[in-house]
Each structure stands twice: as C-alpha cells, then as structure tokens.
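Taking it in order: structure first as structure tokens, then the write-up.
Every chain is named by a letter (A, B, C, D, E, F and G) in the order it is written, and numbering of its residues begins at 1.
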C-alpha cells in the first residue's frame, strides 16, 4: 500500500515545479510565491518517511532563502 | 576490485568515511598540495593591458584586501580539492566538489571588472544547479545499493545504475569542465594568476577523480 | 503493485526535467536565481525518498549547501547589477509592531533547545525576523567572530570523536552547541545585511 | 564548416552556458525516467523502525543510556562508541520524554540522538565540509557586502 | 634514471626538430636543421636570466619546475608500466602549467595564450573515451596489463582503430603548427611562452621534449604493445612524420572552431564507446 | 465521533467559497473560517493537551498571516499604490 | 485519520496548490498558500509530530510576511 501522503506530496511537488517553471504572469514575485508550493510538496514527502527533523529544518531554511531573495529585490527596488 | 589507479597505499578512517590513496589519487593530491603551497607563497602579478588604438598600456593593480580575500579563497579551494582527491565516500566527495565550486566563484567574485563578474555569476548558477546531479546521483546510488563507500562499492556485488553514474559525472562537469569551461575562460581574464590557476586546477582535479570513481564503482 | 521508490523517482526526475527545461529557456538573471532555488528543492526530494536515518542526515548538509550558495550568488548578483542604494523603509503594518519580538523570542528559545543544525536554522530565522523590525546596528563584527570561533569548536569536537572516542559525551555537547551558534550567527547576519554597510 | 562556426559562436558566449548545462540535465533526467523502475535496496545503512507508542517517536532506536545501541554503520570498527550518543538524554529531554508523548523531534534534536550520532560521529566529516561551505559562502557575501563602493 | 630523462628530453627535442623539417619540406622550404630545437635549448641555458618586473615571481619560476617535474613523473609511469590514468591526468594537468606560464608574467600576450589554453580544454576529453574503451577491452588500466593483453590478442590498434584515432588526434592537438595549436598562433607572439626567456625557456624546451617523447611512447605502448626499444623509437618517428604531414597540410582553426571540432570528435567517440559498451555487456 | 467530519466539511466548504470569491478582500473571512475549522480538526485528531497548543499556534499563525495580508492590501489600496 | 478525512484535507491542500499556481494576483497567491498550509497541517499532527506542527505553523506566516515586503512595492 502506497501512503496517500506520498502521492499527495509528489502531486503537489510536480504541480509546484510546473507552476514555477511556467509562471504566469512572469514576474519575480509570482515566481517567488510559487516557489513555496513545491516546498510544501517536499514537506509531505519527508513527512511520509517520518523525517521530522529534516522537515523542520527545511521549512526554516526555505523561509531564510525567501528572505535572501526578498532582500535582493528590496535593493533592486531601492536602486532602480 | 578493478585495477584503475594502482593498489591502495594508505587508508585514513573518519568514522564511516574513509580516505584512501592509491598511486593515482596520491599524484593528484600531491599536485593540489603543491599548487596550494604556490598560492600561499606567491604574490599576484601586475597584469598589463594594452589600450587599443594607441601605444599606451596600463597595469591593473590588485588591492591588498582583495588579494587577501582571494588568497584565502584559493587556499580553501586547494584544501577542498585535496579533500575531494582523498575522499572515499560518494556523498562526502560531492560535498567537497560543491565546496570547490563555491570557492571558485569566490575567487573571481572579488574582481571588480563587470565582465568577469557576469561570467562568475553565470558560472555560479551552473555550479549551484550542479548540486542536483551531484546529490541526486549520490542519493540514487545509496538507494539502489545501500552503501556510499567507494571501497565497498568497488568490492563488487552491487548493480550501480548507469543513470546514477551519469548524474555524478554531469554534476562534476557542471562544477567546471569543458565545454562549460568557456565561462571559466572569461573568469580567467581577471588578474591574480596564482588564484585563478587554482580555479582551473581544482576543476580539472575533481574531473579526473570522478573518472576514477565512475569506473571503479 | 508499483514499487514506492520508483514512483517517487518518477516524480523527482519529472520535476528535475521540468525545472531544468525552464532554466534552459530562461535568460534573465534574477529569474535564473529563483529557478536554482527550485532546483535545490528537487535535489532534496531525491535524498528524502531514501527514507532512512542516513537520508535525514544527508538532507541537512544538502539544505545548508543550497542556502549558502544562494546567499553568495545573490550578493554577487547585487554587485554585478550595481544595486548600491540600500533599501530605506521596513514594512509598516500594525502586526509588525507586536509580532516580531514575541515570535522571534519563541523561535530563538525553541532553536536553542533543539540545538544543532535545525536549531541554528530556526533560531537564525527568529533573529532575522527580529532584525526586520529593528535597526540592525553595528553587531556585524561580533556575530562574525562568534561564528568563527564556534566553527573552530566544532572542528575540535569532530577530532574528539575521532581521536578520543571515549569522551563522546563532551564532544556531542560541544558539537551541538557549536553548530547551533555557527548556523544561527550566519543566518542572522543576513538580517543585518539589509541596510547600509556602515549602519 | 558553416555549421561548425555557428556552433562555436553559440559555445563562445558564456550566456548560453546555463542553457547548455540545463539541456544536458534535461537529457539525463529523461534517461533517468526511462531507466525506471530501479529496485530499492532493502539492506540500507542506518535503517529505521517507527514505534508510534514511544515518547521518542519517530526517533526511538532503543538502547540504554551510556550503553551501545545497534545501528547499522558502514564501518562500525572505526567508531567504537557508535550508538552511545543515540541513547543519551539530557535532563531536559528526559523530562520532556517522561511527561509528554508528542515531542520526539524536539527531544532528539536536543544534543544526543540518532541524527547527532550520524552527523557528528560516524559521518562527521560531512558536517565539517558542510560548515566549511557555509563559512565560505558567508565569507564571499560579507566581503562583497562590506567592500566600500569607492570608485 | 637520470640517463632516461636526458635521453627522453634530447630525443623528444630531436623529434620536434624533425617535425619542423618535415613541415618545411612539404611546404617547399629548406627549413631548419633537425637538431635546431636541441641547439635552442642549449643556447637558452646560457643566456642571461631574470624575472619580469610585473610577474608573480614565485609562480613564474615554479611552473617551469612543475612542468619538468610532471613530465618526468609521466616518463617513469610509462617506463614502469603503471596506470595510464596517471599518465593522462598528467597530460591534462599540463594545461594548468601552460596556463601558469601565460598568466604568471602579466604580459597580455602570455595572458591570451593562457586563456586560449584554457578554452581548448576540450582537446583532452577524447582521452577519457579512449580510457573507457581500453578499459572495456582489457579490464585494467595498468600499462603492464594492457601490454600483456596485447601479447595475447594482438595490438589494440587493430582491435579498436577508432580509439587509436582518438588518441592520435589528442597528440595532434598538442603538436606545434597543427590545426589545433591555437595557443601558439602567431598573433600571440609566442603565446604563453612569450615572457619566459633564458634558463626558463630552456626548461620549457626540456618540458616540450619530454612531453613529445612520453606521448608518442605511450601511444606505441598502448596501441602496439611490447616491442624492442629501438623499434619503439622507429615507430614513434614514423607516427611523428605522419603527424607532421597532417600539420603541414591543414590550416589553423580559429579558437572556438577548434574547440567545436574537438567537441564533435569527442561526441563521436562517446557514441562509439557507448556502442562498444552495449555490445560487450 | 461525528465532529471531525463536520469540521472537515466546514473547512472544505470555506476553501471552496474562498476560491470562488473573486475579490481578494472578501476572501479573507473565508480563510479565517477555514483556519478555525482546521484548528478544531487539529484538536480532535489527537487527544492530548499539547495538541491544543498546536491548534492555538496554528490559529495564531494563520490569523497573523491573514492580518498581515489584509493590512498590506488595505494600505496599498488607501495609499493609491504608493509606498504604503 | 481515516480515508475520508485524509481525502478532505488532501483536497484542501491540492486546491490550495492548484489555485496558488493559477491565480495571477499576488495577494490571491498568498491566500491560496495559506489554504495549502491549512491542508498540510492535519497530516503533520496526525503523525504525532506536535512540536513540528507548532514550529511549522509559526514559521509559515513569517515566510508570508517576508514576501509581503516586496509585494507591497511591486503592486503599483
């Protein structure tokens, strides 16, 4: 029996990757927000295998990564 | 175990991660050591540039802070390639390769020439996405064989999937080999020969090592 | 009956293919940076599919490698594009007046309890969030020094494990706290790196 | 000859490199899909068993404090104290484990636990390299950030 | 062992002299005497020697020594019958040394030579296909084992001609005046060698001699097998003369075209090795 | 036990309503309903005091999130697209 | 958690993911992301990782607030 969580995670991962790859409207912000979708898919995959610690760290690091890009876009807005 | 680089000379164990030397990897390791020593010993050259359309030429000077930073990066790069030469564990090897990639970016990122920075950025993107084939390849090999130790894999009895090997090789190529070398060539126009050479050397060395790994496992 | 691992690999390879296809078609610098972030996520999916304790231990370094390369590249991109004027104002909405100190404190405390990588990441996020609403000030040098020393402590801990394994208890304590300080300090530095270098 | 010079014009521009590499990765991903199914080796290193009844769930690996635990390492002889870390609980984590049932992750992340065992002891060098990567990346970022724009 | 080194260097330089002579004769020029390269090396040894003011001095001197060192090591690897992987590693690392020559001086010509030598890194890649193909046949990469294999099965040149062709092209791309020698094209004065003069240039000449000798000797050992030493020398000369013919009648490619041609050759070799692997497994 | 199903049904309904709604400002109340329902579900899934805390944390978090979205959205509309 | 509840929350998560992917407006995307989180959270709690659930539910809004910092500027 395949875990439903894994199926759901893989589905969301693929949907998320598609949404980032072929983003509409093609703006930086849309892409940045869409980046969160595959992250949650991956989280479900980790959850399936009980990798709780990795999951926790992953969510924290994803937020930090988002901040890094946000910071870059702030500099960009300030300079342009 | 297929005979590739000669028999093992020396094995150094860190828990589950073995480091081993055979004549082949020992040669590569010594070269990395030699060039790291050179990086420490030598000062950057003063690169001369010709101003086209006239007889004038000017020397590019490297500031002290920039020189220090790049020297630090080049030494780190040398240490990383030494580690990659000796490592006997696939995941550990991929980590060392990533370290080589990021130090390579670091060596050139300190240069203020816009053209060089552009090349460094493009190369950095490649180096960063190359972690997918690297780690993905290592994970695939672990998943299908249940071990990461190169010596255990070389002992035989494991069916390493070809795509795992291909991913591993592709990852190392992404960290800086031909034909992706062209981006590096742009990076190489930066002054500071000893450090720039380290970029080139390290990526050659990791490539030579991955050839051995792919044939061995 | 479909083998679970192959199904997972199908998803992971498909995601990798799509992500790389998008990267192939993309020419803009910042969009490429965002796509590399996507690629990192797919990388972790490959490792996560193993489902052993080792997989988890490999995800943590993989995560940190990804985010550190992202940080370095974003800074190179900023210099390359010549974005030199620091951003001026922070987010002025009412939740930002009350939420950050409480949330940041919770996260930092929880991170310290966790220790290790995970703790470092969680606490670092808390500190970043706190710096968002405050003026970071001149703490750069101090944080950097702390992180440098904690790195050295971790190396020492590693050698205790390898050379004097009977002192494993001391080593695990040292390692856990050193990594915590190290990762947290590095992450919180991003929070201070928002404004003017001389702020 | 024309086609060769056209290819070389594409290659010579480093703007195309990312695309080239990504294209190669797409091809390898396709190869990966076609080489499925790949058999999962059941005999893994550091396998895990989940025991939802334990207060250390999902990280309960058995063993007694300050004693060895059975963990499947590649070279157990290289880390003679392998498994000791896994069973150690600090007073705080002991307290949490005694009183609640659902804080397994917190308890294990606190010093001592299977992940610490792997990260610091048996595969400690991975962590050394990984922290070095973090260190290097930050060295680059902070150097670029703090360098004064003095052109 | 020192006598082997001296012999190899001198014979290698002689081969280079023959190379020049043959090219000149094909192009209906008188050409220099065949010992010209040896004389060059001797002449430079006694010329005054210093380090340019702009150079990174330690590197400037060290690369010369490294160049001689790695090719001496390669010579011993070939003579002792060790792993050919080491030999090819050294061959690839020669690129780094070339790069070091070019960049360490600070001269723009040297720099362009060095950068071009980096661009042409693709020229080495066929080597690995060669290695893989040889490995598929012999199951080993130790030169002794390969020679032993050829004693039983006959020369690899006949078993797998495309592999031999790949290595031939690799050697061709290292020969001066050839279609791929973009690092030494005349618009760069002397390419990466521009700023090394006096004793350093003599060292460079010794490196070149050793390199030529080792590569040709390795070609003979890998693809023809165990032959008496004198016969090996004769075969090497014959191979060299064929190389000279190719060099004499082909124009030099532009840098990136050269890379592309080498890349295409690599691709074809890769397909060949893939087919080989498919058939053999 | 019928309660979890009711709560789940409420959550699904709220999500459906929120997705149908075109106007961003009017989506937020439905999101609040959903987060309240999910928080309730969290409590009912595991019978333990700590799950109460988890539910509270989730509710606080999601409320914070929708508040932040709402005030940024409102600030933008009032400021006419200026710097909020 | 039985199949009906799993289906319900899985549906919520999927709906959140799909709508976040399809909606063009940034605020709408962020709200859909909130729906996705709401769908995922019961799965975490169901496994018994309450500490993880608490941490994740506190971190998720922080990420949204980070994004809001740029959304506000771009949506002119």
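One rule holds for everything that comes next: contacts are C-beta pairs under 8 Å (C-beta built on N, C-alpha and C of every residue); 3 or more make two chains touch, one makes a residue touch a chain.
Only a predicted model underlies this, so the values are computations on that prediction, with no experimental measurement involved.
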- For the pairs D-E and D-F, output the one whose chains share more C-beta pairs in contact. D-E
- Of the other chains, whose C-alpha centre is the longest way from the centre of chain B? F
- Task: Report the chain whose mean Cα position is at the greatest distance from that of chain G.
- Result: E
- Chain centres from averaged Cα atoms put chain A and chain C apart, in whole Å, by 14
- Take the average of all CA coordinates in chain C, do the same for chain F, and state the distance between these two points in whole angstrom. 28
- Message: Using Cα averages as centroids, what's the distance between chain E and chain F in whole Å?
- Response: 70
- Where chain A touches two or more other chains at once, by residue number: 18, 28, 32, 50, 52-53, 56, 60, 62-63, 67, 73-74, 77
- Where chain F touches two or more other chains at once, the residues are 46, 48, 50-51, 64, 68, 72, 75, 83-84
- Multi-partner residues in chain E (2 or more other chains touched) are 256, 259, 263
- So, in the complex, the side of chain G touching chain D is made of residues 47-52
- Would you mind writing out the residues of chain D in touch with chain E in their complex? 4-5, 7-9, 11-12
- Item | Touching residues on chain G, where the partner in the complex is chain F | 1, 4-5, 8-9, 11-12, 15-16, 19, 25, 27-28, 30-32, 34-35, 37-39, 41-42, 45-46, 48, 50, 53-54, 57-58, 60-61, 64-65, 68, 71-73, 75-76
- For chain G, which residues count as touching chain C in their complex? 55, 58-59, 62, 65, 68-69, 72
- List of chain A residues in touch with chain D within their complex: 50, 52-53, 56
